[in-house]
Amino acid sequence: MGLKTKDEYIESLRQMKPSVYMFGEKIENVVDNPRLRAGIEATAATYELAQMPEYRDLLVTKSPLINELVNRFTLPPGSIQDLVARVKINRTLGNWVGTCHQRCTGLDCLAALSIVTFDIDRKYNTKYYARFIEFLKYIQKNDLTANAGVTDVKGDRSLSPKDQPDPDVYLHVVEKREDGIVVRGAKAHQTGSISSHEIIVLPTRALQKGEEDFALAFAVPTDAPGLIHIVGRSSLDTRELDGCDCGNSRYSKYCPTVIFDNVFVPWDRVFMCGEVEFAQEMVARFSAFHRQSHGGCKSGKIDCMTGAALTMMDYNGTAKAGHLKQKVIDMIHRAETLYGCSLAASYEGHKEPSGTYFIDPVLANASKIHEGREMAEATRLMIDISGGFVADLPSDRDLENENIGPLIKKYLKGASDIPTEKRIKMYRLVEKMAMESADTISDIHGGGSPEAHRITIFRESNTDAKKKAAKRLAGIED
Amino acid sequence: MGLKTKDEYIESLRQMKPSVYMFGEKIENVVDNPRLRAGIEATAATYELAQMPEYRDLLVTKSPLINELVNRFTLPPGSIQDLVARVKINRTLGNWVGTCHQRCTGLDCLAALSIVTFDIDRKYNTKYYARFIEFLKYIQKNDLTANAGVTDVKGDRSLSPKDQPDPDVYLHVVEKREDGIVVRGAKAHQTGSISSHEIIVLPTRALQKGEEDFALAFAVPTDAPGLIHIVGRSSLDTRELDGCDCGNSRYSKYCPTVIFDNVFVPWDRVFMCGEVEFAQEMVARFSAFHRQSHGGCKSGKIDCMTGAALTMMDYNGTAKAGHLKQKVIDMIHRAETLYGCSLAASYEGHKEPSGTYFIDPVLANASKIHEGREMAEATRLMIDISGGFVADLPSDRDLENENIGPLIKKYLKGASDIPTEKRIKMYRLVEKMAMESADTISDIHGGGSPEAHRITIFRESNTDAKKKAAKRLAGIED
Amino acid sequence: MGLKTKDEYIESLRQMKPSVYMFGEKIENVVDNPRLRAGIEATAATYELAQMPEYRDLLVTKSPLINELVNRFTLPPGSIQDLVARVKINRTLGNWVGTCHQRCTGLDCLAALSIVTFDIDRKYNTKYYARFIEFLKYIQKNDLTANAGVTDVKGDRSLSPKDQPDPDVYLHVVEKREDGIVVRGAKAHQTGSISSHEIIVLPTRALQKGEEDFALAFAVPTDAPGLIHIVGRSSLDTRELDGCDCGNSRYSKYCPTVIFDNVFVPWDRVFMCGEVEFAQEMVARFSAFHRQSHGGCKSGKIDCMTGAALTMMDYNGTAKAGHLKQKVIDMIHRAETLYGCSLAASYEGHKEPSGTYFIDPVLANASKIHEGREMAEATRLMIDISGGFVADLPSDRDLENENIGPLIKKYLKGASDIPTEKRIKMYRLVEKMAMESADTISDIHGGGSPEAHRITIFRESNTDAKKKAAKRLAGIED
Amino acid sequence: MGLKTKDEYIESLRQMKPSVYMFGEKIENVVDNPRLRAGIEATAATYELAQMPEYRDLLVTKSPLINELVNRFTLPPGSIQDLVARVKINRTLGNWVGTCHQRCTGLDCLAALSIVTFDIDRKYNTKYYARFIEFLKYIQKNDLTANAGVTDVKGDRSLSPKDQPDPDVYLHVVEKREDGIVVRGAKAHQTGSISSHEIIVLPTRALQKGEEDFALAFAVPTDAPGLIHIVGRSSLDTRELDGCDCGNSRYSKYCPTVIFDNVFVPWDRVFMCGEVEFAQEMVARFSAFHRQSHGGCKSGKIDCMTGAALTMMDYNGTAKAGHLKQKVIDMIHRAETLYGCSLAASYEGHKEPSGTYFIDPVLANASKIHEGREMAEATRLMIDISGGFVADLPSDRDLENENIGPLIKKYLKGASDIPTEKRIKMYRLVEKMAMESADTISDIHGGGSPEAHRITIFRESNTDAKKKAAKRLAGIED
């Protein structure tokens, strides 16, 4: 036990037997499927960096719970320093993998549960917190990756869970047994679900009386019976299957829909069951943490995009173009905005009754609102700087063709001291970072829809204090 | 002869034998290759609509040159009405195909040549205009599609054509013979090159003394010996090859790199050869026309994206969400901005010495500057409105799978009166319009880079008049 | 009768005896009050240019109604050409005065009345149109300026007119007599009300049954008994009163609140009275016309702002700074966007049953939405380019002080070939164009609030056609 | 000695006899001039809050230098906590005064000097640091306000200081004497110069060899012989002189141009004299600190603007309008962005050799870049929400007029439970915050021009690391 190496992590996944479908077929060997492996490699980077001397101090710390060194992705924040580390780790990893590393959602669930299970127990004298702590020890001791099962498929969005024609569109309890519960439903956009050992399920929205069956939090192994992972289409998915023109030579992302087809959960893994009034708190805590995680990893991705743009300028012979440099500055500014607001959210955090530290939700959501707009703008700028070949670069297979390969090398040459192959590789990376749907669409919809981020900063702001200040200056006594 | 039907058009392409490579292999049957056919179908729509009663008046008119009905895509504008028709046809077609129809570039070349060949002749007493008119008659009588070969691959962008280590990175004459010229070079991003019958080559930039060999305009058939079309990668290209998850059920776009490997051009197809000081005019005319074309087709595409977003709202049960309606308004506003500026550029056009009408270049570029930013924003809004499944929707192959197909139908259901299949189809169209690289990147780089559009409006604006107005009001006598 | 000269116009105002208050005092001599005169001069420019050979053809045309030459500001559009002239005249005048010329609102009322009175008569067999035509003849023959009384003060905005505690917050009939009606209420933001000969009142919003008394359109002279003009504060108003540091050496703007304190209107000046279902059409027609007027004059103002910015670059020695040139391009782009959309709205106009031509409301509102955001941005750019002295430039009175005048001349010198006085004058103009509230706030609220513009383009767009296009491409049969 | 009360502060200013001109006249009694007093009151708030129990802990701390309690505006940051306090104090005060409190620039100078004088001494063995420390003790013990004299008037901006036709456009030494130096030049935009006891002068730009005379840092009392303060025009300045329609019932801002007409500075107040290579460091340190100060105070001002907008919604009866609520959210988001980035810049600070803590300059400039754009946008949103009366509200003098006062009260009534006077007062505050030039233009030009902020984040970013990350992912070995 203890910290896993990258190899141990991959080997541990190989021991699992999840039920996985992709493009109409069942995938028996997940770990060696090149499409899925590229995603697993991204999560594996969280294990790899924890072993590298230059990043070890950033990623590894001692857990007061088990009194051992743990990977920070298994540690609910117990101090301001822990909150700050969240952002810095995510920026480092976002930059390292150039996409989503897929391990943050599990931590965000652990952090939310470490606050809310305690709060529920205080009100209802339940035992959720103790159960959760046992589960957390298990995660820490085995250095496991968890996946957040939050986003229900939702059916008709104008209807509450209890009013849906098919109640299964929100995951819920269908049977309570002595040894546990049986649940049914589906969670969409389960980033890295089969790169994880455990799926942690939380409710996706506030609930009301009459919706007790939907007020659920629990954990199950990724290969629990009845769990089905359906890996959907992403824009560049066949590149990895073909092993050609991948762009990012190491990493990718995938996001299954996960169906809970009557899955059994033993009681010691059930962390909430029926306490409807805490559903709102659970999802709010998770969302705030997760939106902040994005502020870290996406600023790291922009760093990488900025590096790609600057390199393309070198390779194209446009390094001195003033208007392109202005666009690079616009990219940097966006990265620092995401980072600055997320970081401030950590530094301005506070201790919750359970001992876990919580971030400032206004600043965390301020970062996420920028992400929802500005990642698209950073991407547009990167494409603008790089040039039109992002659209239609010939395949590496063309390069290998004896008739046209030499012609491509001749005609795709840019600056004279740069081999054409390097220019092609960098263009391909730009294409990957710009046009890969699984990652880019999380800029918009990850951590809840953009409107949710906006509503949160309004709700969490002290608007009365603002009115009072204005009235005082206007000379209005109220 | 005369107007071709859609079938006749496709049959005419089948008669051609271009040299085409894709993903490392030579493509012998272009027309029936599903990837290429989807692009050809988009161009075919320009033939199809010309036969449909409801669009015939928009697309078909009598050519004063041959005194026959012609498709407007073969007619250089001879009146303000013709200029206006350009924008309306493009909006109609952009909406009809939901992507690029790929026939505008040829018209934009014909329009530029009909102005500049006349101007060159006036100065040098050459015969380019007469040759061009013969070529134009041939195009009109046979209702041919032409492709613009403008964008040289450019090598090191900090160097002029004549200073490049390899002069071939700008297409140029390598031999002048009694019967014609031999040219070498390569043109990138040749949208629909093998959906066309002819390639019309123009210079890509202003040229100076000593660069006479690069000052070239000519036409050759798409299957001329030595011409090689290399179809590059687009983000969703394998979907069409697989015939699954295409999104747009009818149309797509492809953009080869076209290599001119010592191609012979007979003199009667040479429209400029050595007159360096006209290179700037040629590219400026073409670019202004082409940037305006985008204002039409891209507003039509936003119409289609807006329709998709509104339909997703119906299907998701979010039709009444006020914040989504605001985003729809933002989409509509962008479409009308592109359209309004492009249309105004037509109405404010004027007659050139050759008799061709030219648009207002400031207004045309004003439209294109918006496109370069706002298509990305319209796309982002469409994704925001539609929801996260744009990222990772299960494949139609999964739907067909007996184990998981029924589960997908169950869990991807949205509003209760809408079959899941419809919702899936619309999500897939959204994915296509948002994430297909060949089309979306032309929003930014089509018609020259964004900086080129900006420089143009500055150069073409009367800044002295603006200063004079300010000085008068400030009370400054100058 | 016939076209008035500038002097005749001012003399004609001198003959009127409106009841005017400003800063707590009654103003007996309106025309010679320097604050008001600066506004009157702006309207006078519409008379002055009509006499200048270089603008005469733009501003003067023959009215088919009276078969005489008239100023276009008295002519409801009777052709596409007339619609186009609207935009070009406004751009010319906006540039000429560098602020609001204040004569467009009257024309926009005349245009709206010329459509809607006809429509009411067709339904109710009333005589409004004939009355209106007589009034129009009077306006044209005497070359009068009219002012639009549209914006009621509105009271509690969450309540309808009929539900207001004080019904007077929407102007309404309080007595119907044999010879006419008596009205009470107040209209806010009456740009140039005392530069006008007539006030034309229209309803400000859609009305419903039970609100017949509010469904009113009529005209009264500016000095009708009971009419009170209260000239509010603008940010730089005392500059004109002091005759120092005015910035714009010729023109300014003022916007009274006009109170109708039991004003009598004879029946031959009543153009609508009780037809509630036409209130919506009346305000929609007026608003569309007026929002388009802004597209013309505000693009003209940006021209002037751009000229000021470019001149400041000359004067500061920053003419070669690339980043400032980029900002100038951003300013030009904004002007052309307003102009292009407004112009397109004219060219795409159509004939109404009365014979008046109406613009395309979607394109007109598209222009206005840009104005609401982009004028502020153009202003910000002008300030950025010009430098910090926009904030705190010493007064001309300081220049005249013997102790500090020479020091100011010494220390405010910019580029060495430019006298300091010129630089100071241009800075002062920039301050005026940026910081004068009466004009800049009309960018946002003129022609109705920004939200109104947005709702209009949604309502007037064919959303069903857009959905249909998307469904066809998605392969959905509906 | 020790902390001054507000009254003591104002009394201390009354003892000074600065040479002040405004609007062409010499001002003998600065403290009781209502225009200047409004600005002095804003600075006085920094003394007042230091005495208020609820703010005392935020503003007051013990200085290790004099071992006494001091106002934080006299304390160069000696810890991360001190850096954080900078931002929070500024936000609190920006909100409290609704404009600029004018005391931050002095602190930013003290902080810069406490770093750079130490660095100069290390290289040249000079005694600047010791002199500075004595000066700092004097400031702290007497709780003095200092003003930053940084922005030279600059003459022709295309020329270096040494190449200017008149060298006085950059402040410089004209005589070195045994007891001190004599300096000449002028500094523009000296926010609150006569609310200060001391003027601290720093160079405004990087300097090169041959420009030793311009490499100057020193302090002089505000009323030193030869110092002349010329209070320029601001957009609403006569309102305060009239004592009517002020909007902000308590505070305002003014920004003199300060001329140094042969001013003597004793050596013990000279902190840099000739060390050209440190000019760049001096201005960079000051600018980074000052740009961060803005992030605090301007977010506080947006808080106040947001409060005004929300109150206007209450008063207008529009509190439930969804689109207005969206705009409020946009305002809040902007405040939190400025705040978050500035706060992160503090938390990520580090210790300099002198012991002073310095902020992260990239994050500080990231905040300022937002300010330069987003304050204008927040202002636009506030105006949009509030309504058109921001442009042209009748004067309070009109309210007092017996004829029209009652009519104004009647017609300007909004929501029925709100007295008209309150609504008028709040509109007036909105006008002040939106249209007052001295304050709003500092959003753009305060702390250097927007381009300077951009260049800084580029220069301070590690672009090589970004390129390296991209190359690794692209599979490029370099």
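Per-chain residue numbering starts at 1, and chain names A, B, C and D are given in the order in which the chains are listed.
The rule is short, and it goes like this: contacts are C-beta pairs under 8 Å (C-beta built on N, C-alpha and C of every residue); 3 or more make two chains touch, one makes a residue touch a chain.
Just so you know, these numbers come straight off a predicted model, no measurement behind them.
Asks: In this assembly, which chains make contact with chain A and also with chain B?
Replies: Touches both chain A and chain B: C, D.
Asks: Do the two copies chain B and chain C share over half of their interface residue numbers, or under half; same or different?
Replies: Counting shared over all numbers used gives more than one half: same.
Asks: Using mean C-alpha positions as chain centres, tell me how far chain A is from chain C in Å, no decimals.
Replies: 52
Asks: Can you compute the centre-to-centre distance for chain B and chain C, using the mean CA position of each chain? Integer Å is fine.
Replies: 40
Asks: Cα centroid separation between chain C and chain D, in whole Å?
Replies: Those two chain centres are 37 Å apart.
Asks: If I count partner chains per residue in chain A, which residues reach a count of at least 2?
Replies: As it turns out, chain A has residues touching two or more other chains at 323, 326, 454.
Asks: Using the touch definition from the top, list the residues of chain D that touch chain C in their complex.
Replies: 21-26, 151, 153, 155-159, 165-166, 168-169, 186, 188-189, 228, 230-236, 238, 242, 245, 254-257, 259, 261, 316-321, 323, 372-373, 376-377, 379-380, 383-384, 387-395, 397-398, 400-401, 403-404, 407-408, 410-416, 431, 434-435, 437-438, 440-442, 444-445, 449-451, 454
Asks: If you look only at chain D, which of its residues touch chain B in the complex?
Replies: 322-323, 326
Asks: Provide the residue numbers of chain A that touch chain D in the complex, in ascending order.
Replies: The touching residues are 84, 95-98, 247-251, 303-308, 310-311, 314, 325-326, 328-329, 332-333, 336-337, 339-345, 347-348, 362-363, 366-367, 369-370, 422, 425-426, 428-429, 454-455, 457-458, 461, 463, 465-471, 473-476.
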